[in-house]
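Heads up, the next two complexes both have chain A, just with different partners, chain B and then chain C.
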Partner chain A sequence: MEEFTVVGKRLPRVDAVVKATGEAMYAADMELPGMLHGKMLRSPHPHARILNIDTGRAERLQGVKAVVTAKDTLGYRYGDLILGKGDEPFLATEKVRFVGDEVAAVAAVDEDTAEEALQLIDVEYELLPAVFDPLEAMEEGAPLLHEHAANNIACKSTMRFGDVEAGFRRSDCVREDRFETQPVCHAFLEPHAALATYDSTGKITFWGSKQSPYFTYRNMPRALGLELSKVRIVQPFIGGGFGGKNEMFSLDFTAALLSMKTGKPVKIVYGQEEVLSAGRQRNPTIMDIKTGVGKDGTIMAIKCRIVANGGAYISIGRMTRYLMGSVLALPYRVPNLEYDGYRVYTNNQVCCAQRGHGVPQVRYAAESQLDMIARELDIDPLDIRLKNALQPGDNTVNGFRITSCGLTECLQKAGEIKKWREEWGELPPNKKRGIGFGAYGFVSGPRVAGHNTAGAMVKVHEDGAISVLTGATDSGQGSDSCLSQIAAEVLGLGLDKVRLVMPDSEVTPLDPGTFGSRVTFVSGNAVWIAADDARKQLAEVGAELLGAHPEELVFRNEQVFVRDDPEKNMPFTKLVKSACYSGTGRTIMGRGYFAPELEVPNYETGEGNMSATYSFGAQAAEVEVDTDTGKITVTRMKVLHDCGRAINPMHVEGQLEGSVCGGLGQALLEDKIKGKDTGQASNPSFMEYKLPSAVDMPDIESEAVETIDPVGPFGAKESGEGVQVSTVPAITNAVYDALGVMVKTLPVTPEKILKALEKENEE
Partner chain B sequence: MKQLISLNVNGETHELAVFPWRTLQEVIREELKLTGTKKGCDTGDCGACTVLLDGRAVLSCLLLAVRCQDAEIVTIEGLAESKDRLHPLQEAFVNHGAIQCGFCTPGVILTAKALLDSNPNPTKEEIRVGISGNLCRCTGYAKIIEAIQAAQSA
Partner chain C sequence: MRRMPRFEYHAPASAGETASLLSEYGDAARLIAGGTDLLISMKQRLSTPEHLISLSSVTGLDAVDYDEKTGLRMGAAVTLASLTQSPPIKDKYPALEAAARKVGSVQVRNIATLGGNLCLDTRCWYYNQSDYWRQSRPPCHKTGGEVCHVVEGSKRCFAVYSGDTAPILMAMGAEVKLMSGGGERVISLGELFTGDGLRPNAVEPHEFLSEISVPPPAAGSGVAYVKLRLREEVDFPIMGVAARVTMSDGAFGSAPQGFKVVLNAVGSAPVEVEGAGEMLAGKAPEQAALEEVAQVARASVHPQANTAGTPEYRRMMVPVLVKHALTEAAAAASS
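For the complex of A and B:
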């Protein structure tokens, strides 16, 4: 008999049908009677003092119901999840700090009227000098964005582990390189949307495209001066998040504020241009990295200085600068590690988490440099990775405890692509091919700050179906299905017996949301415990009916039977009905909660075990470069990911393939371009900002490598982010293999390739 | 001034008064409440608002509703025969894991429908080119292509 009946199966998503038919409602699809439409007025200047805002003309426009500015707010500032020292007002107070900063908002009877009203708001600005480059921003005398942050340093980390200088002395090859990465947008297709309604009991009900509704639940009452439970956050379907829909943003707050002002429901939907020009993005970085390696390939020391261009506000930047350093200890054994990380304020769009959060930048630098070192030492790039790969039971210098780890197996399987070389045959003189590897480790359910508790409830319906209630959000990654499969397995039900319940702060239990690759691992455990609790409640009833002890009962294939006497059995539905309807009746409601036992790491020194487990993996890219045009085509990729156990291999593959797509975009195509002195977005549309389309994507062989984690639910770990971490270096290393040229700034455009080839020819 | 127009959507005729500058997407979503047609970019770049116009896949955010009066329009809501019988493409997208966040899904499915109607046996490359106007940030397109291949042989 197979071990599991639901877990490990390639079952369709629980929400797939309503998404295929268009019935799935996203925030922008929702309407309420009498609803008004809101629009935001944004700053046209990168840095300016607000001297006066005159809303009179806008208010007098027919159809306008309210205009709000900072003076209508309590002055609450958001961002900074780590220390709670938020620096970003929902509507600008004394200053604006980037082009697109929200200054005022309008609610009107329709979108056109609201848009027109924006033109009638008169804002008097005193222009201030602006700074866009993070290194310039750190210089003495640079324009200061925030009074509290000298040299515009929002935060820094200083990590010192072991003795890097001794490590370098023992090395046979020491390289120092500077790598730079570009700003990348999340590029979810669903723009931010919020709908809020304030009722006569003083309660706000809110629907929004939030991948972590909990942050809005916690922030909105504070920002509006309401009791926590007077704010109800209901989650509709989410059109992608990738880290960019975690925080409560200006539109969320403003929709609620405008509803309080007008007494009517207010909806605000950003245009994609607003999202791309004024929304969050991935931190661009300048990374100086020095690595020492012995002649046998052993990594001796890494020293790294990273300056992250964080933009105008802190957001989750304290975490970013910590992650960028701490993950240098993954996925290889690094005995000596030194890191100085700066997250710097500039008059740019604000940076936050994005799939892989800070780690893709670092792995691009570290993995690319490793290939250059391997070449100098004449070691195969795969061998140098195998040589240093972390193993189960390892502790890293900064305190990460490695439990399950399938990196070696992932690397070995990735290495099978070497046979691709034999398939190339004779290439035309202007075509060069190469293969490259990248490896990674990633957190799975880290404790970021405060708590990391996930709660779950499993309600058993009278007909034998169940509802799984959690506060975890499926922003597209498939967690609702994953959690449903876990609950179904525990209760011996088919997936078709699980009814989907979306997070609703009034009903579903506490869960901070979707970030840090935590949902499968943390919320999954909570669901496992809750389902098991429901199973135990039913087993008590079943034991009486079947004349056995509760522990002897097995729940499987919608039947309940005695383990050693399967003739004694009854259908699950009959058991449920017996429990619910006989005697006094019972309410079968399983309850569970889980948080990995972790301390919050020290973000300044980097000490601590951030995550109860880590995912690992490797990937290999094959590229073809046209040396006449510089065009790079990724022709094939192979992705191996240690996800502990694949709760649903089809969905894991989907995560791996999607991650490759994001990574390929960052490697080759995507870049947010700004006017050099204006800070104005030059390419805020999907026409000009190039995310990969179907023709840009190679065939991808993806495979989950299972290690069965000791703590994960059914042994599962994350699969949502790790892979994206090393797609970029797999591609840059393949280009390096093809041409012998390492491009050290992203994206690797044809222009850069041609310039590099030209330079090489001159030399 | 609003204009009176008649739109044939999913086999039903709707008499509507709309401003002449209203796009087909706006009228479909706001007047007909068919919200399966998504508003992703509103500038014709992402493909999320794709509908069928006389069998061709078109971007409804780039078309004025008043220009579509003589056409047969199909939105995602009109693709399945009935609530309990999905179109083979929808079935394939569901079964092959081609849907993640689902925001691009209606547009991709309708683009695929038009593609298969004009070319019943496209190669993988033809599928890639065929759906290249529909952006998806979630899936990496692999399972979308797989689903379209499965639907063509269904």
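For the complex of A and C:
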């Protein structure tokens, strides 16, 4: 008999049908009677003092119901949830700090009127000098964005583990390189949207495109001066988040504020232009990295200084900066480690978490440099990775405790692609091919700050179906399906018997939401426990009916039977009906909560075990470079991923392919083209922002390497996000293999390839 | 990007009706065919016409006819998708079919028209933006101002023409028919382009482009269009080159007029490389002959920092793509 009936099966997603038909409701689709439409007025200047805002003309326009500015707010500042010292007002107070900063908002009877009203708001600005480059921003005398931050340093980390200088002395090859990465947007297809309605009992009900509704639940009452439970956050379907929909943003707050002002529901939907030119993005970085390696390939020491251009506000920057340093200790054994990380304020769009959260940048630098070192030492790039790969039971210098770890197996399987070389045959003179590897380790549900608990409830319906209630959001990654499969497996039900309740702060239990690859691991455990609790409640009834002990009962294939006497059985539905309808009846409601035993790591010194387990993986990329045009085509990729156990292998593959798409975009295509003098992106559309299209995607072979984690639900851990970390270096290393030159700034454009080749020919 | 501004919509059924609507509304009207560029520019408030005159109901404007003696005639409102599916084009003008396939995406080609692609407005980082985006700077020449944000101090506009079907049609010697209330005129496709970034085509406000004609393919001739772009779908060209060659006994033909090389997306109009025919005629189709044309082509253009692909890279690519296009055209001629 197979071990599981639902877990591990390639089942279609629970939301597949309504998404395919278009019936799934997203925040922007929602309408309420009497609803008003809100629009934001944004700053046209990168840095300016607000001298006066005159809203009179806008207010007098027919159809306008309210205009709000900072003076209508309590002055709450969001961001920096780690220390709770936010620096970002929902509506600009004394200053604007980048082109796109929100200054005022209107609510009107329709969108056209709201747009027209924006043109009638008169803002008087005093222009201030602006700074866009992070190194310039750190210099003495640079324009200061925030009074509290000298040299525009928003925050910094200083990690010192072991003795790097001694490590370098023992090394046979020491390399120092500077790598730079570009700003990258999240590129969710559903833009930010918020609908809020305030009623006469003083309660706000809010529907928004939030991948972690909990953040809004905690921030909105503070910002509006309401009690926590007077704010109800309801989550509709979400069209992608990738880290960019965690925080509560200006539109979320402003929709609620405008509703309070007008007594009407207010909806605000950002256009993609607003998202791409004024929204969050991935941190551009300047990374100086020095690595020492012994002649046998053993890594001796890594020293790294990273300046991250964080944009105008701190957001989740403290965490980003910590992650950039701490992942230098993954996925290889690094005995000596030193890191100085700076998050710098500039008059640019604000950076926040994005799939991989700081890690893709660092691993691009470290993995690319490792290949350069391997070449100098004449070691195979795969061998140097195998030599240093972390193993189960290892503790890293900064305190990560490695439990399950399938990195070596992933690398070995990735190595099978070396046979691709034999398939190449003779290439045309202007074509070169190469193969490259990248590897990674990633967190599964880090404790960021405060609590990291996840709650779940499993309600058993009288017809034998169940509802699973969690506070975890499926932002498109498939967690609703994953959590449903876990609950179904525990209760021996088919997946079609699970009704999943999306987060609603009035109904669903506590859960901080979807970030840090925590949902399967943390919320999945809570669901497992809640489903098991429901099973135990039913088993008590079943034991009586079947004349057995509760612990002897097995729930499987919608039947309940006695383990050693399967003839004693009854259908699950019959058991449920008996429980609900006989005598006084019972409410079968399973309850579970889970939080891995973790300390919050020290974000300054980097000490601490960030995650209860870590995922690992390796990737191999094959590229073809046209040496006439410099154009790179990724022809094939192989992706190996230790995700503990694949709850649904088909969904894991989808995650891996998504990460390849994201990584390929960052490696070769995506960039914010900066307008002169303003810092604003010149390409705020999917026409000119070069997200990979379907035809740019390579053939992908992916495989889950299962290590069955001791803590994860059914042995599962993070799936997918980590992979994006190693896509970029797999591609850059493949280009290095093809051409013998390493391009050290992203994206690797055709022009950079040709210039690197030119330089190579000169030398 | 804002919502659509208000406008009055007209759907004339005939060319005559179209012409009279144009003379009635003049500058207050714009023609709309597929709308793939116009509607975006309206949402960006680059264009706010009071009247839109649709060409989609005009009888005969989506016809494709081929005659062995007179060649190919295409109505201006034929969609790029139907162009790529048209039997005479696939059969006699495969390079045109291939070039049309390189425009935009499947969805765009399904509604975008040939006439619209030829009359594509010039593009620039600082122009193709919403009114919200543009308010951070003073207006440029193309938005009614007096500065250029690309070339400091410039008195002219450097916006780039990047329609993919124009270069190949120019290489094939296409002509276009412009109709108006006062009659019609036929000009060579090259003459359609003014080279002025502000007003890139010679269609007068009272006129509309109704037909594109291409001579029958000459014996021994071959054409090709190569397009360089970052993504193999959706993107406008970083640059492109169309070439026509005539082959005779394995060498280039002796008549200079059998050759044409047209560069795309490096200036405000497609640029014909002067003297290409003289440099190539009668030569062996080898790298040396191609190299001369490639270098002349490189010297003839001055791309600016206004589209994807830096000026330096686009200039580097001119000789590379010229050679690719000539090689492909020669191969097409020989096959």
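Keep in mind that, in the parts below, the second predicted complex is superposed on the first by the 762 of 763 C-alpha atoms of A that agree within 3 Å, B and C clash if a C-alpha of one lies under 4 Å from a C-alpha of the other, contacts with A are read in each partner's own complex, and residues count from 1 in each chain.
As a convention for this text, a contact is a pair of C-beta atoms (placed from the backbone, for glycine too) under 8 Å apart; a residue touches a chain by one contact, two chains touch by 3 or more.
Here the structure is a predicted model, which is why all the values come from computation and not from measurement.
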{"item": "First, second, both or neither for A:K413, with chain B first and chain C second", "value": "neither"}
{"item": "A:G271 touches, of chain B and chain C: first, second, both or neither?", "value": "both"}
{"item": "Partner chain in contact with A:P191 - chain B first, chain C second, else both or neither", "value": "first"}
{"item": "Touching partner for A:K690 - first (chain B), second (chain C), both, neither", "value": "second"}
{"item": "Dominant toucher of chain A (residue count), chain B or chain C", "value": "B"}
{"item": "Which of chain B and chain C A:V99 touches, first, second, both or neither", "value": "second"}
{"item": "Touching partner for A:H37 - first (chain B), second (chain C), both, neither", "value": "neither"}
{"item": "Which of chain B and chain C A:E23 touches, first, second, both or neither", "value": "first"}
{"item": "First, second, both or neither for A:G675, with chain B first and chain C second", "value": "second"}
{"item": "Chain C-contacting residues of chain A that also contact chain B", "value": "271-273, 685, 687, 693-695"}
{"item": "Interfacial residue positions of chain A with respect to chain C in the complex", "value": "42, 44-45, 99, 111-112, 115, 271-273, 277, 628-631, 669, 673, 675-678, 680, 682-685, 687-688, 690, 692-696, 749-751, 754"}
{"item": "Contacting residues of chain C [partner chain A, same complex]", "value": "1-3, 105, 125-126, 129-130, 132-133, 135-137, 149, 228, 230-235, 308-310, 312-313, 316-317, 320-321, 324"}
{"item": "Chain B contact footprint on chain A (complex, rising order)", "value": "10, 12-13, 15-17, 19-26, 28-29, 186-191, 237-240, 242, 269, 271-273, 475-478, 650-651, 653-654, 657-662, 685-687, 691, 693-695, 697, 699-700, 702"}
{"item": "Parts of chain B lying in touch with chain A, wherever the complex brings them together", "value": "29, 34-46, 48, 75-77, 79-80, 86, 90, 93-97, 99-106, 109, 127-129, 131-145"}
